[in-house]
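In structure tokens below, several structures.
Two complexes follow with chain A in common, the first pairing it with chain B and the second with chain C.
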Partner chain A sequence: MLMNKNISGMNLLFNPKSVAIIGASEKTDKLGSHVMNSLIKGGYKGKIIPVNPFSETIMGLKAYRSIRDYGKQIDMVIVAVPAKLLSEVFRECADSGVKGVVLITAGFKEIEDSSGIELHNTIAEIANKAGISVIGPNTFGMINFHASLNASFTPEFSRVKKGTIALVSQSGGISHLFGFMAIRTNAGFSKIIGLGNRLNIDFAEMVEYLMDHDPDTKVLMLYMEGIDNPGRLMEIFKKHRGKKPVIVNKTGSSEKGDQASKSHTGSMAGRHEIYLGAFRQTGILAIDDTETLLDSARALAGCPKLEGNGVAILSGQAGPGMAACDICEAYGLKIVDFNNHTQERINENLPPLALRSNPVDMGPAWYDADASREIIKAVMEDDNVNAIMLLIMFASANVGVVNGISSLLLNWKQKKPLITCIFAPPGIWDNEMEHLEDSGALVNFPSPERAARAMASLWKYKNAIDK
Partner chain B sequence: MKIIEKALKQGRNMLSEYESKQILSAYQIPVVNELLAESIEDLLMAVSKIGYPLVLKGCSPEIAHKTEKGLIRMDIRDEDEAKSAFDEIFSSMDGSGNAVLVQEMIKGKRELVAGMTRDPQFGPCVMFGLGGIFTEILKDISFRVAPLEKRDAMDMMHEIKSSRILEAVRGMEAADMDMMTQLLINTGRIGLENERIREIDINPVIISGSKPVVVDALIILE
Partner chain C sequence: MLMNKNISGMNLLFNPKSVAIIGASEKTDKLGSHVMNSLIKGGYKGKIIPVNPFSETIMGLKAYRSIRDYGKQIDMVIVAVPAKLLSEVFRECADSGVKGVVLITAGFKEIEDSSGIELHNTIAEIANKAGISVIGPNTFGMINFHASLNASFTPEFSRVKKGTIALVSQSGGISHLFGFMAIRTNAGFSKIIGLGNRLNIDFAEMVEYLMDHDPDTKVLMLYMEGIDNPGRLMEIFKKHRGKKPVIVNKTGSSEKGDQASKSHTGSMAGRHEIYLGAFRQTGILAIDDTETLLDSARALAGCPKLEGNGVAILSGQAGPGMAACDICEAYGLKIVDFNNHTQERINENLPPLALRSNPVDMGPAWYDADASREIIKAVMEDDNVNAIMLLIMFASANVGVVNGISSLLLNWKQKKPLITCIFAPPGIWDNEMEHLEDSGALVNFPSPERAARAMASLWKYKNAIDK
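Up next is the complex of A and B:
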């Protein structure tokens, strides 16, 4: 395993001034053509060096027969050629002083033939000896949004917004899922990284890099199937406990313990259960499904730290408020009592037709932006309240309400976490909500339950690191 | 430890209940008051030291699950019962090991389980959960990787769904959490300090008053 003495190699990987694509092509049946598209259409500002011995130019750029042929320093190399060429490619990289490689090529450990493992070991030896940091093999690549660097074979990843969440994933398919979910939910990412078969960069190395050397990343989101040396990763988690939130979705709960074991402990100890225990020991939040994982990452990245479990629920209509209440209470959040002053201010703005204590049914004021604003303001200033959930369903009569409250929310800018479900048909409120979210005024979700679960994740994270 | 070396020399990969508890005891884990009897004389000597009510169990390194094999007699209240239980157990053990464990009968409605398993990747891991017959049925358990810190032990006890069983419920005292914490930490230590121990079952740990007492245990070697 490559140790992180080689931070410069990782820095070059993510922030290269020049990128060579070995296996560059214009033919769409070659992955190299999609990688070229990713770099060019993704707006990469550095030098792009297509390498292909059979072409003069590729996509309007001069192509080279080899990286030796190019002759000058290359910071990072993306490799998308058949496996049989790899030994030669890696020797060339080592000779040319390349320090970072994204190895897209598949066909190693995952194939049945033992030659795959031999090849894996051969190139690992070359890379480790030459100090080359390698992402992959068998990966779609990686994206550093802050460098406009899309080093993957999927140009569409570049449509994801720049943000502060880093995804480190063992599955290419799941990474694509998260990428597209991010586009649809306005989630912002710093990096999306497909570790693939982890030649010399495993979760441990990547987590350590993102914790210590990546100021663009504020939240680490991991998708994990299983790793070879969990002990080392746990040490790194422990060392960085509380520094940046780490949330993980670990699959494998269907794996059973050792059925042949003579003890009950042995037969009930599935590897998955032990992973979950180890995560709790190291301040990592384990989350059961991909949707909640991304929702939680958005909340952790977009909200300030939750200081206590007192939540105020303000709902334009009673139903969504009740749905959020149920989830909050199930996860140990408390629907707090307002102080007297707050309650008086709410009562002034709501007729006694509805629930005026927490959860507040703003129903009677639902198309009155002034009243809504006054109620929200009163609750913001209540010391009993650690976080606010605001749930407003669109109706033609309340179309103006988002504009009516937006300057209040923008000015307040989440002195406490504000998680919302402000929901309308496509095309209505979209721009307003995107602006509010991008300005850090709130984090919005498409259902009250998802909003409440995201709030619960803030609370769970606080407990995970405080213990 | 000598008990482990002896068992390995004899080609055994399992310690008897009595041996297992001696190991736990060496790590300050509170175990039930018990003596081993190989004859009626031993039995009467043990009875005089422990007093009634008693539990008698067949004890042999070759017998892992005694309940299934009918080798346990509970709530023995006088000498006649003790003698006949001893004879029954002794004769049904068909020559293997051949000793009877004479135990104080621990009263307490709450049964918990603790354990250790050596995972090839994580190393020794500690288990905690609901004990007795519920262990397998409800699987309400949690794991931590050894060594455990105090907060890990506390957190793993709170993690199980039935964690309120440790609180003061239905007129019973709250469990002594310091003792419980030490029990779990020390179970992990046994795994860390004895490489030949592969698995430990401590089931049940009965909460007697507020104190945890190990009533049955099994240690598997490798």
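Up next is the complex of A and C:
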């Protein structure tokens, strides 16, 4: 594996001023055409250099026979040509001083088992000798949202918002899943990286880079099937414990899943429990569900640190508040008693027989924006409260409630974590909630339980790094 | 409580030819205005009779001073006036032969504790004597999608599709949550019913009615906080065991959640474990998460009966298949070995080093619709396979795959359960997937784990009723 002394190479890989696409094409049955679309439609601002010996121009850009033929400096190369051409391509990259490659080409194994491994070793040798950082082979690519660089064969990744979550994944399918979930949940990503078959960049290298050299990334989200050198990765986890949250989804808890993972990644998957134990020891959160993983990443990226387990639940209707209570308590969060002053202020703003202690049913204050704000403010200022959950289901009668409280939330700027489930049919409150979230006022989820589990992940993370 | 001898009254309540709205209004700060909108915009075809002594017309319809003033037969009445007017309103309903009331009015308790109970008892006596079935008080209302009858204060419920799931809920907030989830997941409902404070219709009456007298309902989904007479409900569950699936979300597993539930519903919530035990004994599935509850209802409503635990997982990419494996095995489903003939047919259509045994990675067959169809067909015909999961993440290169397999899936019509996670950015495959689902070809979910948990619910239901 490539040592991380090569930081400048990694920086070029993610922030190139020029990108060549070897295998560029206009034919939609070629991955090279989708890669071209990703770069162009994704708004990449650097120089795009299509390489294809059989074309004069591709998508309006002058094409070159080879990178040698181009002649000038190329910072990064995306390779989407058949495996048999790779030795030659890598030699050319080495000769031309290329320092970063995204190697989409798959099919090493399909040629024939031994020759596939031989080829893998040949190009690894060239790359390592020349100091070329390689993402792949057998990857969909990677995206650096902060550079508008979509170096993948899926242009639709560019619909994901720029943010602070980095995904490092061993599965292209799961990366696409997270990308599309992100579009639907307003999650923002810094990078999405498909490791593929890991020529010289594995989880260890990538985690170290994201921890030490990527200010755009605040939270690391890993999808892992099996790795070759778990000890090395655990060392890196330990070294960076508490620096940035790391959350991992490790498949293979089942017999068939584990078998499939071994043959898919060609690496030792190993006993699931051993991984989980190692994660615990190194301050890593393991989460066995993709939606919960992304929800947790969103909360960790979008909320300040949770300092204690005291949670206030304010709901527009009683039911969702109770559902959140059940989840919170199951994960060790406490639905705290308010201090006397807070309780008095709430009592002034709600009728006697409403649920006025925690969890508070704010339903009766619906029509009264002042009362709603007073209750929320009182709870914000209560020292017993470490975090707030706000759960409001739309009804035609409460359509104004989000506008009524948004200035308060915007000004508060999450002095403590504020996690919400403010939920309406599509088209209602969408813009308001997006604005609140993009301003850092809250993180919103599509069910009370998902909101509560996200809150629980903040608490689990605090415990994981305090140990 | 009202005995279910009064079936004709319940039928009128859900299928009225005429509906009066007492408290109809054009002022948006009155619930009566939202109810009017629900009826009109929801496309109700019967006669709408606004009742308000201070208006000549409301939303273009002639208004009446009272239902007596209207003079003719009224099948159902929606009441949204202050509590102090209720005795008079109920006497009038009784005199006019009204048999069904949706009683939205809340605030009985807020007047003062004892007089609130007194009022509750007074109107209960009138209703029971006159044989009036009452949904409420303190409810958002109910919707019968098969009669385009939105008798609630939330017009947006009419955006939910007509289907075969009935929701009976003790929480208005949770009902709204499910309604908006349904809009987002293409779930179809027969009825959504807010029980409120249960004057004479409780879970028992409603479950019995839906089981015996509502052919539109195939699956019952209950949200429960606490009930007064659990024994009676359990008797009704037992009596109808195996007739239609019943799935329950019971809150109150936590201390604070339980406390809140007691004061919210005014009923004994009782120990959570006792409920869970009773559900198990009566063939009811208890599910403690709202999203999973709706996912399970969709699977039970949209799939044929699962006959055994043998599952085939076919995925367009390896990762999602493994994630589904892990969940399936955790719930007692088996990722079965295919019979030899099936395996041969798969091997003919996938390269040697792909994952060709269960879970199958169909990735290499992406570009070849014939190969994809052949593999799916082989698995459909395998007697070892009781159900199929199909997991495909969009990528620009596989955009044609859904069209390539849809005829096959439409023609097969789920001879065995077909649960999918076919997932793309919004706007891609939406129409195709909606068509497949509405045609009964499959039930689709937004993550591989949610798809697998839905499959697990089919298996849990089989076990629950086979016991």
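Heads up, the rule we're going with is that the second predicted complex is superposed on the first by the 446 of 467 C-alpha atoms of A that agree within 3 Å, B and C clash if a C-alpha of one lies under 4 Å from a C-alpha of the other, contacts with A are read in each partner's own complex, and residues count from 1 in each chain.
As a working rule, a residue touches a chain if its C-beta (ideal position, glycine included) is under 8 Å from a C-beta of that chain, and two chains touch if they have at least 3 such contacts.
Only a predicted model underlies this, so the values are computations on that prediction, with no experimental measurement involved.
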What is the contact status of A:Phe180 with respect to chain B (first) and chain C (second): first, second, both, or neither? second
Comparing chain B against chain C, which has contacts with more of the residues in chain A? C
Between chain B (first) and chain C (second), which does A:Ser8 come into contact with in this model arrangement: first, second, both, or neither? neither
Looking at the overlay, does A:Gln281 come into contact with chain B only (first), chain C only (second), both, or neither? first
Classify the contacts of A:Asp361 with the two partner chains as first (chain B alone), second (chain C alone), both, or neither. second
Touch test for A:Asn37: chain B only (first), chain C only (second), both, or neither? second
Partner chain in contact with A:Gly172 - chain B first, chain C second, else both or neither: second
Chain A positions touched by chain B in one structure and by chain C in the second: 261, 263-264
Where on chain B is chain A touching in the complex? 14, 64, 113, 115-117, 119, 121-123, 125, 127, 135-136, 139, 141-145, 149, 151-152, 155-156, 159, 198-201, 203, 218, 220
Residues of chain C defined as touching chain A within the complex: 28-29, 31, 34, 37, 109-110, 113, 140, 153-156, 159, 169-174, 176-177, 179-181, 183-184, 223, 225, 249, 251-257, 260-261, 263-264, 288-291, 315-323, 325-326, 328-330, 335, 351-353, 355, 358-359, 361, 364, 367, 391, 393-397, 423-426, 428, 446-450
Within their complex, chain A touches chain B through residues 228-231, 234, 261-266, 268-269, 271, 273-274, 276-278, 280-281, 467
